[in-house]
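What follows is a set of structures to go through.
Across the two complexes that follow, chain A remains constant while its partner is chain B and subsequently chain C.
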Partner chain A sequence: MTSDEPSNESRPPCQQAARGFWSEAWRRFRSRKLSMAALGFVLFLVLVATFAPAIAGTKPVICRYKGTIYVPCLAYFDRTLEPVIFAKDKFRGTYPANLAEKDPESWAIWPLVFQDPYRSVRDNEWPGEPANPARDQGAPSSRNLFGTDQYGVDVFAKMVHGTTVALLVGFVSMGLAGTIGITIGATAGYCGGWVDMLASRLIEVVMCIPTLVLILALVAFVDKPSIWKTMAIIGLTGWTGIARLARAEFLRLRSSEFVMAARAAGAGPLRIMARHILPNALAPVLVPITFGIASAILIESSLSFLGFGPPPPSVSWGSLLNDARSNLQMWWLVVFPGVAIFLTVLSYNLVGEGLQEATDPRLREARK
Partner chain B sequence: MRQRIGHQRHTTFPRQAVLSWRLPAVFPWTAAVMLLVGCGGDPDALEEMTPESTLESQGSAGQERLLEPFDPPPLDDLLGSATWIDRPVLDPLARLREEQAGEKVLATAAEALQMANDSAEANAKILSALGRLAEEGQADLSASVNRHIPADIGSTNPILISSTSEFDVLGLTGFGLFSFDHRMEPFALADAVVSWQTSADGLHDKIVLRDDLVWSDGEPITAHDVAFTFQVIMDPRVPVPAVRSGTDQLRWVEAYDDATLVFFHKEPFATNVWNINFPVLPKHVYETTWEDDPTLKDSSAHVRLEQQPVSGGPYEIVERTRGQQIVLKRRENWHTLNGEQVREKPFFEEIRFRIIEDPNTSLLALKAGEIDEMILVPEQWTTQTSGGDYYERNTKATALEWVSFHFGWNINTPYFSDRRVRRAMSYAFDHERMLEKLCYGLYEPATGSFHKTAWMATKKKLDPYRQDLDAAENLLDEAGWIDHDNDGIRDKEINGRFVPFEFSILTSNQPLRVAICTLLQESLDRIGVRVNVRPVEATVLQQFTLERKFEAYFGGWGTGTDPDTTENIWRTGAGRNFVGYSNPEVDRLYEEGRRELDRAKRAEKYARIQEILYDDQPYTWLYWRNSFYGFSKDLRGYVFSPRGPYNYSPGFSSLWKPADQ
Partner chain C sequence: MVSYLIRRLALAVVTLLMITGIVYGLARSMPGTPLTIEMGESDPSRKLNPADIERMKKAYGLDKPWYAAYFVWAGNVVRGDLGRSISRKQPVATLIGERIGPTLALSGSALLLTWLVSIPLGLYASARSGEVDERVVSFGLYVLYSFPTFVAALFLQIIFAVWLRDTAWELPLFGMRGDGITDETSWFASTADMARHAILPVICQSYVSLAWYSRFIHANMQEVVRQDYIRTAKAKGAGPWRVLVHHGFRNTLIPLVTLLGLSLPALLGGSVIIEQIFTWPGMGRLFFESIRERDYPTIMGLTFMFSVLTLAGQLVADVLYAWVDPRVSVE
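Take a look at the complex of A and B:
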C-alpha cells in the first residue's frame, strides 16, 4: 500500500469512525483559514456568475406581460431565450417604458442594478434617469458603482457579467487540459515502453513552445473567434504539467500490490487505470489543475488585453484593462478589473496550495 | 503596411504635392483615394488598402509590355501643329503669402499660445495666428525640427514610394515638376519649371525646365532625367508599388533637349494633369545600374544608393537609423548655386524624423519636447491634451479633412442586394450616438464621397441619415424580411429556404472602430437583425475586401486630388468596388466626367453620381474625420487643407520657427 492509499490499516486505530482519504483531506483543508477564505471567494464568484443577469442588467428578472409570466433576463445567457413576444411588440430592447405602455397591468422584478454590460444606458431608459456619462467623465458614482468606460458602458455590469467568462475559462480550459493530460499521462505511465517514450517526447515538445506564442498562433487560425474557442485553445496548450504528474503517479502505482491484485483478478487495463489507479493518483494531479485554473484566467486576461480575446460585445476583465491602456486617467478602468483578476487568481492559488498541503502527507510530515 | 494616414508634408518640393499623400498605395494623383480601413480613431492604425493597381502591376510584371514603342515627332512639327495654352507656374509659398495678406488675423501669436484649444473659436484663432507664414527675417533659418512618423520607410528610392511615411520623407528629398494647392488646383512649381503649356487638343503637355537645378552630387537636373524615369517606371521588371498608377496613362515622355520636355497623352482626359506628376530619378546615377538590377534594391550599387541616395529636392538624407530616425539636412546647392541665391531658402536647416509606432508613446515624446508635432487621436485630443502638462510646451489645432468612413454592404449577398434593405440599415444605425459619444462630437456626418465644400459636390442638400427604427422596420418588411418562424430574428425565403438576417461585419481591430460596429450590432438587434462583429487584423480585412469575402465591413476613404479617383470605387467591376455596386448611369457619368474639360460641367456629372449613390446607399456613410495635430509652441505656419496640413503644396514647407526663441 502506498502512503496515498486510503486505508485504515496502515494507521494506528482511532477512536472515531474511520475517515476516508477525502474527508481527511477536507478536514485538513478546513483548518487552513486562508484557503477557506479563498474557497469562499471562489464560491462567491460562482454565485455572482450564476445570478449575473439578476444583479446587473436591463431586462426584467421576471415579469408578467399580457397575462403570461416571462423571464427575459435569461437572454443574457443565451440570446434565443428572450421571449419572442417582446420583439413582436417592438420593445426594441427597452423594457421599462414599453412594459408600462403596452400593458398597464404588467409588473416586473428588476435586476439590482439597472445597467447593461453590452451597451450604454440611454437617456430616460429608466424613467427619470439620464444616460450614462461617456468619455472620461464616468467616474464611479451611485449610479455607476465602478464608473463607466469611454463609451458610457457601466463597468460594474461588465465586471459582473465578465465573472462568467473568468470562471468558465478556468473550469472549461482546465477541464479540457485535465482530460487530455490525465489520458496521455495515464497511458504513458501505465503502458510504459515505446508508448511512454512517445508520449513523453510529445509532452516535451509541447512544453518547449512558449504558451502565449502558441496561443497567439492558434488564435490567428481560428475563423470565428469566440470565448469557447479561446478556452479550448488554452486547454489544448495547458495539459503538459498535468500529464507529467499523471504519468509519474501511474508509473509508480502500476506495480503496487493492489494493482497486481486487480490484474490477477482479471481486470482489463482500462478498468485498472480508471477504477483502481486513477482515484489514488488524483490528489497530486488536482493540485496543478487548480493552479492551472489561476493561470488560465491570467492567460485569458492577457489575450483580451492584447486584443485577441473573445469578440465584442462579450465582456471579460482583461478587455476592460485593454480599454484602460489608452485612457490611463480613467483609474477605475484599471483598479476594479485589476483587483478582481488579482483576487481571483490569488484565491485559486490559495485553494491549490491548501489542497496540496491537505493531500500530500510528505508536506504534512515536513511541517511537523 | 501600417501607416499613419495623412501625414504628408509637402515641401516645396514639387512633386510631392502631387501625391495625395495619404495613400500609400495609391499615388495620389491618380488614385488618390485610399481606403482607410478604420474609423477615425487612431491614425496609426489606419491601414491602407492595396489598390488594385498595385496588384495588377505586380501580377503583370515581366509578362506584358506596359509601354508601346513610340516615335515622337520632331519638336518643330509639334510646336507648329498645335495651339498651346499656358498653364500656371507658381511658387506655392508666395501664393499662400498673398492669400494670407488678405486675411484678417484673429489673434496675435502670443495670445494664441496662451489659449487652450477648447472651442471652435479658439481653434480658429490659433490657426489664424500660428498659421501665418514667416515674414522677412522672422524665421530662424538655422532651426531644426523633430517630426513624428509612425513607421519606418521601406526605401529611399522615390519611385518605390508607397507608404505615407515615405511620402513624408521623400517629399522633402525628391524632385518633381508639379504640385497642387489646398483647393486641389494643379500647377507647375516655379522652383523647377519655367513654363508649362498644354496643347489645345489636350494631347500634349510641354514643360521647360529651369537651368539652375542640380542633384545633391552637383550634376544638373535635366529633362532627360524625367524621360528616363518614365521609362524605368513603365518597365514591367521594376516593382513599382504606387507610382505607376496614373503614369501608365501616359503615351510617352520625350526630352527634346536638356530643358524641353513633352508629355504625350493617350486621350484628352481632364485627369491628364495628374498623370504627368511623378517622382524623378537621377539618370546619371541609375542609367548604369538599373538594367542589371531592375528591383532597384538588391545589387551592391543599389544598396549603397539606398543608404546614400542622390537627392533632387531641398533636403538630403544624411543619417538613417532603421526603426529609429531619419535625419535630413538642407541642401545648400538647392537654393544657392555658384554663389547666387536661386531659390528661397527652406526654413529648417535640419529635419529629424523620429519613428514612434505607439500613439501613447509619441504623445509622451511630444509632451517632453522630443518631437515637435504629431497626429493626435480623438481620445488624445479630447482627454489627454487639455492639461497644463500638455500646454506647457505645445498647442494643438484641428481642421476638416476629407476622410470619410462608412459601412460597406456587399450587394452580392442575399441581405444587401435590395436597396430598401441598405436604406433600412442606414435608418437603423444610431448615428447621433456615434457622433456624440463614440466620436466625442468632433466629427460631422457624411452623406457621400464628396464633401459638401468640394467643387464636385452636389448642390442639393442631402440630409444625413438619422436613426428612425420605424422607417427601418417598414423598409425591411417591404423587402420581405419578416420574422416568419418566431425566433425573434427576421428571415426571408430565398430559394425555398428561410434565411435568417444574421451577418458579420468586418473591421480592423481598433477600439473606436470596434465600438462603432458594436453600436451597429446594438442598433440592429433592436429590430430583429443579428450582427456579428469580427475585428480582424488590418491586412486580413484588406485581403477579405479585395476578395469580396465579406457581408459588410467598416472602412474609410481619403480623398484624391480629382473626383475621377473615385471611379475605381463605383464603376461596375472596378478594382476597389468591394461592395459590387453596379449602375450603368454611374459608369457613364464617370466616363463623361473624365472627357469633360470644363470644370463646371464636370462638377455636374460628379454631383449627379453623388445623388445616385445617396439614393442607392451602397454604403452607409458615417462621418468625416477631422485632422487633429499637436504642435510645439515653437512651430508656426501650419495651414490645413482637406488633405491635412502637409499633403499639398506648400504643406510642410510653410512651417517655420521664430528667430527670437
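Take a look at the complex of A and C:
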C-alpha cells in the first residue's frame, strides 16, 4: 500500500544476533495482551472440547464394574467405544442406579456436571435429584447452570459438547480452504501466462457467487447432511481470498534472487514452490486463514441457525440458537450460545490481527 | 478507455456464463424437483398423476438434461425473459420487482446509516489516535465487528419485543407491516409503521459494516497523516480540523470509492439471514425460499441478478478508482 516506507536497506543494520523470523514474530505477538488473551481462550476451548465428557455427561469417566476398569465416557466421542458389557447388562444409558444395583462393589468417578447433551435427566436418575424442568420452566439454576431447552436437555452440557464442532469447523474447513487456496494461488502466481489467466478467472467466478448462495445450494445438494460435509462445503467455498494472496506472494517472489539461485542449482518447479517460496509466502497467507476460521465458525452457526445444519443428535451452538427462535422468552437459549459464538469469533479475529501485526514488516514500521 | 471497457465487458460475459452455468448445474442436481417438493407438502388427494407430472416436466423443461435446459434458459435471458416461477406461478421478473422495493428500503437505510456514523467515528478515532478514548472506541468497534448478526438480531428481538412488550419502546418482532395497515391507511401512517418495523433489521444490517468502515477509515487515515503533505499543511498553519478533513480525509476517499462500488450487490441483493429472521419480504428471503422449493427459474433469476450486480460493482469500482485518482490509468 505504501511505497514510501523506508526500505530495509536504508535502515541501520541489526545490532543483536539475528533471530529467526518466526521467533521474532512470536516475541512481537506475545507483547500484544489482547491477542495473547484471545489465544488463551482458544486453548481453553481446545481443553473444553478434549475433556467434554469429563465436564458434563451421565456416563462415568472411569468406573470399576464386576472386577474390570472401564472408561464409558469415551462413548461421547464415538458410540462404538461404549463397553459392550453395559449394553449386555441392560444399563440403557442409566449408570448410577444400575452400577449400584448390579454390582454393589463397583465404584465410579463421575463427570463434574451430571447432565447429558442428548437427553433430559430423569427423576431420581442421580439419587435424590429431580428431573430437568422442560419448556419455559428451565431458567438457569444451580442444577442447570445455563438452563434447559424446551425438551429439558441441559444447555450447559450441550454447549460443552458442542465446543468440539465449533473448533473442528474452523480447523477442518480452513485446512481444506488453505490447501486449495495455496495450491491454486501458488500455481497461478508461479507459472503465470495462461495458467494464471485461467486460475484468476476461476477465483473471480467463485468470488462472484454470493457465499451463502453457493453454500445453501451445496448443502441442499448433498443427500445426507453431516457436520463433516458442512465443513467440507465451507472449505470448498472459502479459499478464494487465500488463493488471491498466495498468488500475489508467489508472483512477487518468483523473480527474486533466491529463486533464481535455486533454479540455477537445478531445482525443479515443484521443489522451488514448496521449499523455497512457500516458507517465505506463508506469513501473509496465514493471516486470512485465521480470519477464515472465524468466518467459518460464523457460517456454520448461521447455517445451523437457519436450519440447514447437521441433523440431531449432533449438537452445535448454532442449533441451540435455532431452538431459541421459536421460544424467545427462553432468553438463556440465546444468551449463552450467542456469547460463546461471539467470544470464539472475536478471539480468532484478535489472534489474526495479532499475527498480522507481528508478521507484516510494514505495519511494524508504522507502529514506531 | 473504450477499448478497456469493451475488454472488461467481454470478460464479464464469460464470467457470467460460467457462474450461471455452475449454479444451474448445482440447482438441478439438488435432490427433489419443484414438482415432487410441492407434492410432499400437499395432501395425498391432490397428488399429481404420472401423466400430469410428465406434462409439467415438459412445460418447465425439466425433461431435458441440465446443460440443454441451461442453454434454453440463457437464450431466453438474452431475449429479456427470466422465465416463470414454478412454485409461485408468476414471472420471475415480477417477483423480483415485488421484492426489490423492501430490500432497497432496508439496505439503503442501512448503507446510509453506515456512512453517516462511520465517517465521523473514523475521523474522531483518527483525531484522538493513541488516546484512551480512541482505544476504547476502537476496541468497541472491534467487538461490534465480531458480533454475529443473527445473535444480535435475537438479542434485540428479546429486548424490544419480549422484555419491553406493552411499553412505549416495544418494537415489532417481524414482518414489514402491522395488522392495522390497509390500503386506505394514510401514506404517513403506513410509512411510520414500516419505519417502526424496519428499525431492528436496519440496525442488524448496518452495525457490522459500520464498525468495519470506521476501522477502515481510521486505518487509512493513519497512513495518510504520516505523509509529507500533512506536515506541510501543519507547517503552513492550518488548524487541526482543517488538516484532518481537508488535507487528510480527502485523500482517503479513493479506497472508499472502491468500497462503494463493491457494496452495490449487497444493496440490491439483501441479506438472507436478516430478512429470514425478521421475515422481511425482500430478495434474500425470496432466494432462501426458492432454494427450499427447488424453484429453478427463481434461483437462476436471482443468481443472474446478483452476478450482474457484482460484476458491475467491480467495474464501477475500477472505473471510479481511475476517475478519482489521476495517477491510476485503467489501461
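To be clear about the criterion, the second predicted complex is superposed on the first by the 351 of 368 C-alpha atoms of A that agree within 3 Å, B and C clash if a C-alpha of one lies under 4 Å from a C-alpha of the other, contacts with A are read in each partner's own complex, and residues count from 1 in each chain.
Here is the rule we go by: a contact is a pair of C-beta atoms (placed from the backbone, for glycine too) under 8 Å apart; a residue touches a chain by one contact, two chains touch by 3 or more.
What you see is a predicted model; the values in this text were computed from it and never measured.
Applying the stated contact rule after C-alpha superposition, one finds that A:Phe305 touches chain C and leaves chain B untouched.
By the touch criterion defined above, A:Thr183 lies against neither chain B nor chain C after alignment on the C-alpha atoms of chain A. By the touch criterion defined above, A:Asn98 lies against neither chain B nor chain C after alignment on the C-alpha atoms of chain A.
Shared-chain residue A:Gln329: touches chain B and chain C both. Contacts of A:Thr50 after superposition: neither chain B nor chain C is touched. The larger set of touched chain A residues comes from C, when the choice is between chain B and chain C.
In the superposed pair of complexes, A:Ser256 makes contact with neither chain B nor chain C.
Of the residues of chain A, those at positions 325, 329 touch chain B in one of the two structures and chain C in the other. Interface residues of chain C facing chain A in the complex, by the touch rule stated above, are 14-15, 18-19, 22-23, 26-27, 29-31, 139, 142-143, 145-151, 154-155, 157-158, 161-162, 173, 222-223, 226-227, 265, 269, 272-273, 276-277, 287-288, 291, 299, 303, 306-307, 310-311. Of all residues in chain B, those touching chain A in their complex are 359-360, 379, 382-384, 433, 437-438, 440, 469, 473, 483, 486-488, 504, 509, 511, 514-515, 517-519, 521-522, 525-528, 530, 532-535.
Every residue of chain A that touches chain C in the complex is listed here, in rising order: 1-2, 4, 34, 201, 204-205, 208-210, 212-214, 216-218, 220-221, 223, 294, 298, 301-302, 305-306, 321, 324-325, 328-329, 331, 334-335, 338, 341-342, 345-346, 349-350, 366.
By the touch rule above, chain A contacts chain B in their complex via residues 79-80, 82, 84, 87-88, 90, 92-94, 118-120, 134-136, 150-152, 224-225, 307, 311-313, 322-323, 325-327, 329.
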